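In what comes next, chain A is part of two complexes: it sits with chain B in the first one and with chain C in the second one.
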Partner chain A sequence: MSHDTHHAPVASKLDLAPERSDLGLLRPDRSTGLMDWLTTVDHKKIGILYGAFAMFFFLLGGVEALAIRTQLARPDNDFVTARMYNQLFTMHGTTMIFLGVMPLSAAFFNFLIPLQIGARDVAFPRLNAFSLWTFVAGSFVLNASWLFEFGHLAGWFKDFAWYKSLVYTDFAPANGWFSYAPLSGTFGQADAALHAPRFTGVGTDFWIIGLQILGVASLAASFNFICTIVNMRAKGMTMMRLPVFTWMTLITAILIILAFPAITVALIQLMFDRQFGANFFNPSAGGQPILWQHLFWIFGHPEVYILVLPAMGIVSEILPTFSGKSLFGYPIIVFSGAVIGFLGFAVWSHHMFTTGLGAVPTAAFALLTMAIAVPTGVKIFNWLGTIWGGRIRFTPPMVLALGFIWMFMCGGFSGVMHSSAPADSQQQDSYFVIAHFHYVLLGGVLLGLMAGLYFWFPKIFGRMPKASVAYVASGMVILGFNLAFGPMHYLGLAGMPRRTHTYHAGMGWDTWNFVATIGAFILGIGVFLAFANLVWTAFKGEKCSSDPWDGRTLEWSLPSPVPEYNFARSPIISARDAYIEHKHGGHKIGYESDGGEAGVHMPSQSWMPMLASFGFLLIGMGMPMLAMMIPHAGWIVIAGIGILFLGIWLWALEGPGGYMLKTPSGSTSPSPVSATSSTH
Partner chain B sequence: MFQVRKRVQADACQCDSFRELRWRLTLIFLMFSRFFHRVGILVLPFLGLLMTACSRADLEVRQSTLDPKGPVAQVQYDVFMDTVYLVIVLFVLVGGLLVYAVARFRSRAGEVVKPKLEEGHGNPLVEIGLITASIGALVFIAIPTLSAIWYTDDVPKEAVATSKLSAWYPRVDANGKENYAKEVEDQVLEIDVIGKQWWFRFEYPQLGLTSDAKRTVPNEFYIPRGKAVRINLRSEDVIHSFWVPKIAGKVDLIPGRKNYMWIQADELGHYYGQCAEFCGDSHAYMLFRCEVVEPEVFAQWVKSQKTDAAPVVAGSKAEKGKALFAAKTCAMCHNISGHFGAGNFGPDLTHLASRKSLAGAWLDNRDPKAQLALELKEKNTEASMPVDPAQLKANLIKWIGSSGVAHGADGKPTPDVKPGNRMHYYKMFNVVGLRESHQKFTDEELDALAEYLLTLK
Partner chain C sequence: MSQVAESSHAPTSTGIDHKKLIMWLFLASDCMFFGTLISTHLIYRKLYPTGFTDAEGHQHFVQRLFDIELTSFSTFILLMSSFLMALAVSAMHKGQIKSFRRNVLGVIIFGLIFLGCQVYEFTHFYHMGLTIQNSVFGSTFYVLTGTHGTHVAIGVLWLILLYFYSFTGKLGGHVGALDVEVAGLYWHFVDIVWIIIFTVVYLIEYLGPNGFWGTGLPIAK
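Let's look at the complex of A and B:
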């Protein structure tokens, strides 16, 4: 197999001669502008794209939430219909989890992991691009359901035969983010065409296929990161010298590959129930609705640790940096992360305490759920130990990280309350649960991710977000969030169930629902302000040095923005927190003799991953259209399958490619850091 | 932060008053947000809870879980309070340490922070001590949790002696009729709760109030005070959940699964319940009520449920209404013993006018102002006004005529009372709802129909 690296090393990819892949097609190696972003395999650009999409979907999910809160601000309200409300809370949850938090975490994984371990890119750059574009395809499929719903409400479809024959006209998913069967499934007997009656319309089908596609994206990314972290660490970067964020990424990736198969299976079974006359969850034909819950939650509980561990990793980087101290108990923090991941698979039925499991399983899961509070508590104690005796600098990332500890602790408290099954039988499916998971997800994960954004933004774009705006936005987020979700603890204990479109005035829930709505709007404005500030900063922000915070880990040793090749010469590590040791301690970072005029090997850009993802997009659009019996929808699905396989086949056959890029060979040590930190 | 402060001090000397004002306002805003960073976030989550805890009335709202009226709810409440005490201790300890650390170890203005590099290994003794303390704290709540799991699982053996039917319910009544068979006299009262989209049907198999006997009880069920009652939970379609917070925590109704629970209410009154598992369009509208009465009153109620509806007075509006009940296809789904016996798809209407709520307990048949005044006067939400015929009639007209099958005073089609409800919207097999079959009701028809239904006491 001929490699395209036979040409001489170049100073810039624009100096490359046009090259053809093994298939004879032109490689997009010399692309600039939009073409560059679409064909990139550079982990840093992919990270930025993930982040941009995630912030957009956070705002979309936020709009859905504000619609929910507006509807609930007053009793007997009719701001939206019950059907629309059910779609709103379903899409809000699904969007925030799968299109908001997970891709924002992926943005950090992508950008940082190679930099933190001293590598030039991930193990499989094209697979990385495939993950990104498959995520985009899945997010489009999921939100296409809204387009159909709005078309239905606007009456665009009323003259079509397929529309007139629909039994249920709910186009956006409306069963909640965990879509329990049999509401999402079938009942009774299937007819000759293998269709059993259903309770819901094609919205459920959009949800099923959208989640499957998103699952593929997550799995591919996880395989990539595990291989990268295990195999591509720089010389001397042992596992126990890895930054905690890298460790948490590794554990998260392992959780993903162990947990996603459960939901993949569940979704396939549900799809077969709905489309092909299977009866997995149909009790009138011998199926068991509770099977859905078990399969979903065996995925669903590890999923929440998938959501939170990266944020914990981020906080574990920020706290030492701004306390001027090492992380307290590094091995225990890493180990507790692994224990949380492991125990996360042992507690799933605490979501099912009210399903009549029986006293013994209920007791077992209650005790295991209490047990998982221990490693989580250990982390909080170790974070406290980190700032104890330090010199705390209250930069925006640090304020948010401290907020994370506080809010996540409160969310953990309500979690401990849920772990006691008898108490949970009053709290389950009420606003108390909503308060709990928003405290851990919003107060915890979102604050942690925002802290990470403010922390690493200077590294990503070489520009510093304005601190004053950051403080105002963070203040609004923290204030609004507590005002919105604090009262929900009371509302749940006062008997208000979740997922309810409205409530009567005599129930005693009026005041605090109104207060919660006010808080939600303050929170929304704060988040919007934070994101707008960050986006503005990326283009017009004040430039800053490459190490504005006196950072501890390897990425801070690189220029900002980071050059394509990451490290001019590959580093040789001899301590944990390698960069701070290099600057202030005794362990200097060594450098290998690669790079320079001989160049480093860079991967080639490619269209093929996106082509394969486009196949998924067509499958994802075609299958619900097939369920709606839109004419020729089957051809769309077949075309999608064809394009998916074509994309993968061309991807395999185009050959690995690659070219040699010269790197600066002057000073081998990173830019010197002045004794006084510039910002703050 | 220090950078911002310096800028403000420098600019405060500017003569431009607008600029000065802007800086002062910015400073106030920033201090405000900084205040919240340091202190506000510590206080806010619990401010709300504290404020409500100060008001007893807020803890006794209709579906409060903090106002237990029976042993099951009481035990669940007690376990919950154990977790609250634990959490308060942890909050004060850990939260206090966090606040202290943040205050004590902050860097001072102008200070150059030289990072410390020596540590990183933590302190094993501290770690093991904290882990042990955590486990100990959890044991504190684990023991009452386990005890409560077993207590709330099924009727305790101690309760059977006083709660079995023969202990409080005469087996044969004054006229010699059997209330229940001899075989069941040592059982506690059992109620079958059947959930359907979007209402609850209650059956008392031991007492002959069953589907087979065409004597079922929709949406409002009665139990005797102070007696343990076993509930069998069944669903005919999707998953629902049975939740009367003041009496017990919820258990789900899962189709194909034989879930059960037990309840006991020790105070008389009218209790509020709601479906607590998302079940479709009208999940929010699937409420129900529980009436707790003395055993003698319970026996009378059972007897009344076994009577047929009284004949309508000839020539009255009610007679017209009865004819409409058949003509408008109501009889296809609704049973009225003694008048119409074909349908059991919808709620049994034989004793409709004696119930305090309508349409899945979503509409209330009591005078709303009087009810609220009574609750305030009695300082509890279990006190109940009787059924107000005027309110019931208005509710009937509103409910039957909803979803566009009638028109309001403004000529516009009436809106939904329960979105997607089966009475109006169903369209499957051979059952077609009022709206789907394009039924139309004039004001007179609704009036006559309501008059008829008012006779069904």
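Let's look at the complex of A and C:
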């Protein structure tokens, strides 16, 4: 079969003979450096790239947040204009959710899932690269709106006809992260060029197409990961032996493939309204703006669980490790995760209590929302049960994981308050809501993800982050976070509305806004310090053993950094928490007789996923330019669609390829456990 | 060399091929996609049962707009294309490449006939006064059926590529049969979606004396 390679097994991919794909093009398999990273299909490198981009966007979103807090530090402030303020909070929310948390979770999925299930790669390595680069394309499109905005502020476009014809000039998205119609949509009748009058500038068009592209990336990655987890488990790795992080990834991926189509359709409809004069949400033609809210939250509420379940999975790995106990109630934790995922689709209207749904739907959604607190509470009790009676070791990941439980619980409590519709109608659109979801998403998810970073960083790079810096950073994050968002509960109940550019003195909001701003800066410095510590560690950090925490799951049985083939010989699993059982229990990890001199099959690297993603970049840049009436912008879109199809076509035709890599054939057992590294 | 081929297609945990599994996952996602589009159409249809108004201000009724004979014909054609697709998959599993080519060519031609009917229908409706801009019905109808048409077009393009690829001699064996089967899954799904669209968008307009939405005959023309 021409699909398969003719290579003899090699020790390093640099020894490979030049190989041509079915298309006759040279495969980029033997490349190093930048070429290697751009064409990689290795899930570990893709995970690192996801992580690097996510951390960058976290800092960018953080800068946007600090600009918001600076503006709100004192009453009647004019640090930024109201127009810029709208763009800042919109891009802050969108960036943190879609370019910060989701890709950072994806970084963990990529790096860990194959290692935790005993596989050598994901099911579709090139599709995985496509997900990464499509995410990069989407993030570029979203943030390109800032470039246009700065061009506008600097007056670069003054002489252009298209610029003079613009009614609204907010180039960055300015509708909030949910872009409610009709504000994001159109009104009146479309003209001959199919443009109906709009309420907002082209920033909304950047937002629509950027999110659409990010959706493609998330969907492709989720198909890949469900396939990998269901289909590529090592021998003996039954579903109920999967590490909890893998389980939560599976549930998250299922949520993504079922929830994202709703936003995809909503975005298509909004795009047709804005760019082709359709009437889905156009009130003057009978369109119902409330439909946008329903479609958005049918996606948006599962999205909340898409954000939080991976962090819950991470914490479920960290707590047992540093408590020296197995996870309390593993099946219940897994089941609760599945119930949360299922109920997550049945509570979307609690975001819309004040829209007047009627008594019965409101009561039903209130009840279902209260019900979702049950599986969440079950998880928290299970985590407490895990720590209970354990021999607790305090390490940076453990401190952050414990912080996660506390902060997430606070967010959960105010969440239960929102579930009561009468209470919610008072809290709606106030700072109380801001406080609630930041406790969930920042105090919860970000702390969980940071815990994960500090936990697995030694595995990823074989270097240990400095604990002292990590403790200082964690302390600043937790302190700054509570200082910033704790007072917002009070501010909200005292009547301070969301999304307002400024407030007058004498409303009773001055003090706590100032405190919140100080907290935000402490938090910002803390996150920066935590990330800087990691980046420094990746290059210069102190080398550490392959199992510095006395880890429980399969990834800790591998050398650090993990070799490109992952497992020299495929493992055979006979217990949950396979590696701790192997070290201290009766169930040893067995190994198959693959690998060694015969080599293991490695997928070939490819340019095609990136080429296809480049098509998305052109589509994403072209559509808003079309909305700006920039001449010939339509050709950019057409070229983008062409390149997308060309990339996919060449991708199919080049064949999967592959080569054989020799693995060490000596001892197959994991690195021996020294007496000092074990606390048992 | 055969060993190499084996190792790249290692047995999966469930016994289901990766490609088939990922296509089923995609289809699950696509169910939600079309579910959202069809819901949008039905919600607006219920809200505005009286049809649409054209540029001259004339009121039109959907019953009078549709050409149910033509749409029934194109639906039948699409159904038959699914039958041919099943034959193509079966032929590929038996290694009968010539039979595969014949049948898949049939699917392509039937798919193109369906698309041709849709293009005709869109043009016809446009001349009757229905545009994407002049009414909510126009927006939901064109975007829903247009999205389905795009799915059919992508399917046709995929099958054309498979058809020509079969002449290179590289389409064969287990992998080839799997590739064709996966394309078949997609094609059948797109067909099933059309059956639903045909029922809830077209047929129910003719239910009972006044149509499912309770609207009568045109007031003015």
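Throughout what follows, the second predicted complex is superposed on the first by the 674 of 680 C-alpha atoms of A that agree within 3 Å, B and C clash if a C-alpha of one lies under 4 Å from a C-alpha of the other, contacts with A are read in each partner's own complex, and residues count from 1 in each chain.
Operating definition for what follows: a residue touches a chain if its C-beta (ideal position, glycine included) is under 8 Å from a C-beta of that chain, and two chains touch if they have at least 3 such contacts.
This one's a predicted model, so the numbers in the text were calculated from it and none came from an experiment.
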Using the superposition on chain A, tell me whether chain B and chain C clash or fit.
fit
Touching partner for A:496 - first (chain B), second (chain C), both, neither
first
Quick one: classify A:287 as touching chain B (first), chain C (second), both or neither.
both
Given the touch rule stated above, what does A:140 touch, chain B (first), chain C (second), both, or neither?
neither
State whether A:389 touches chain B only (first), chain C only (second), both chains, or neither.
first
Of the partners chain B and chain C, which touch A:536 in the superposed model: first, second, both, neither?
neither
If we overlay the two complexes on their shared chain A, which of chain B and chain C does A:342 touch? Say first, second, both or neither.
neither
After superposition on the shared chain, which partner residues are touched by A:430: those of chain B (first), chain C (second), both, or neither?
first
Counting residues of chain A touched by each partner, does chain B or chain C come out ahead?
B
To the nearest 10 degrees, chain B and chain C lie apart, as seen from the C-alpha centre of chain A, by 100
Nearest CA pair across chain B and chain C in the overlay: distance in Å?
12
On chain A, the residue positions that both chain B and chain C contact, one per complex:
287-288
Residues of chain C that touch chain A when the two form their complex
1, 3-5, 7-8, 12-14, 16, 18, 21-22, 25-26, 28-30, 32-33, 35-37, 40, 43-44, 47-48, 132-136, 138-140, 142-143, 147, 161, 165, 170, 173, 175
Chain A - residues contacting chain B, complex
78, 81-83, 86, 167, 175-176, 180, 182-183, 187, 197, 199-200, 283-284, 287-290, 323-332, 354-356, 358-359, 362-363, 366-367, 370-371, 373-374, 377-378, 380-382, 384-385, 387-394, 399, 402-403, 405-407, 409-410, 413, 416-417, 419-430, 439, 467-468, 471-472, 474-476, 478-479, 482-483, 486-487, 489-490, 493-503, 506-509, 512, 515, 550, 552, 576-577, 580-581, 584-585, 675-677, 679-680
Residues of chain A that touch chain C when the two form their complex:
1-6, 22, 123-124, 189-190, 194, 196, 219, 222-224, 226-227, 230-233, 237, 257-262, 264-266, 268-269, 272-273, 276-280, 285-288, 291, 295, 298, 594, 598, 600-601, 649, 652-653, 656, 658, 660
Touching chain A in the complex, chain B uses residues 1-4, 26, 29-30, 32-34, 36-37, 40-42, 44-49, 52, 57-59, 61-66, 73, 75-77, 79-80, 82-84, 86-87, 90-91, 94-95, 97-98, 101-102, 105-107, 111-123, 126-127, 130-131, 134-135, 138, 141-142, 144-146, 148-150, 152-153, 197, 233, 237-239, 241, 243, 245, 248-252, 254-257, 259-261, 272, 274-285, 364, 368, 371-372, 415-416, 419-420, 427-428
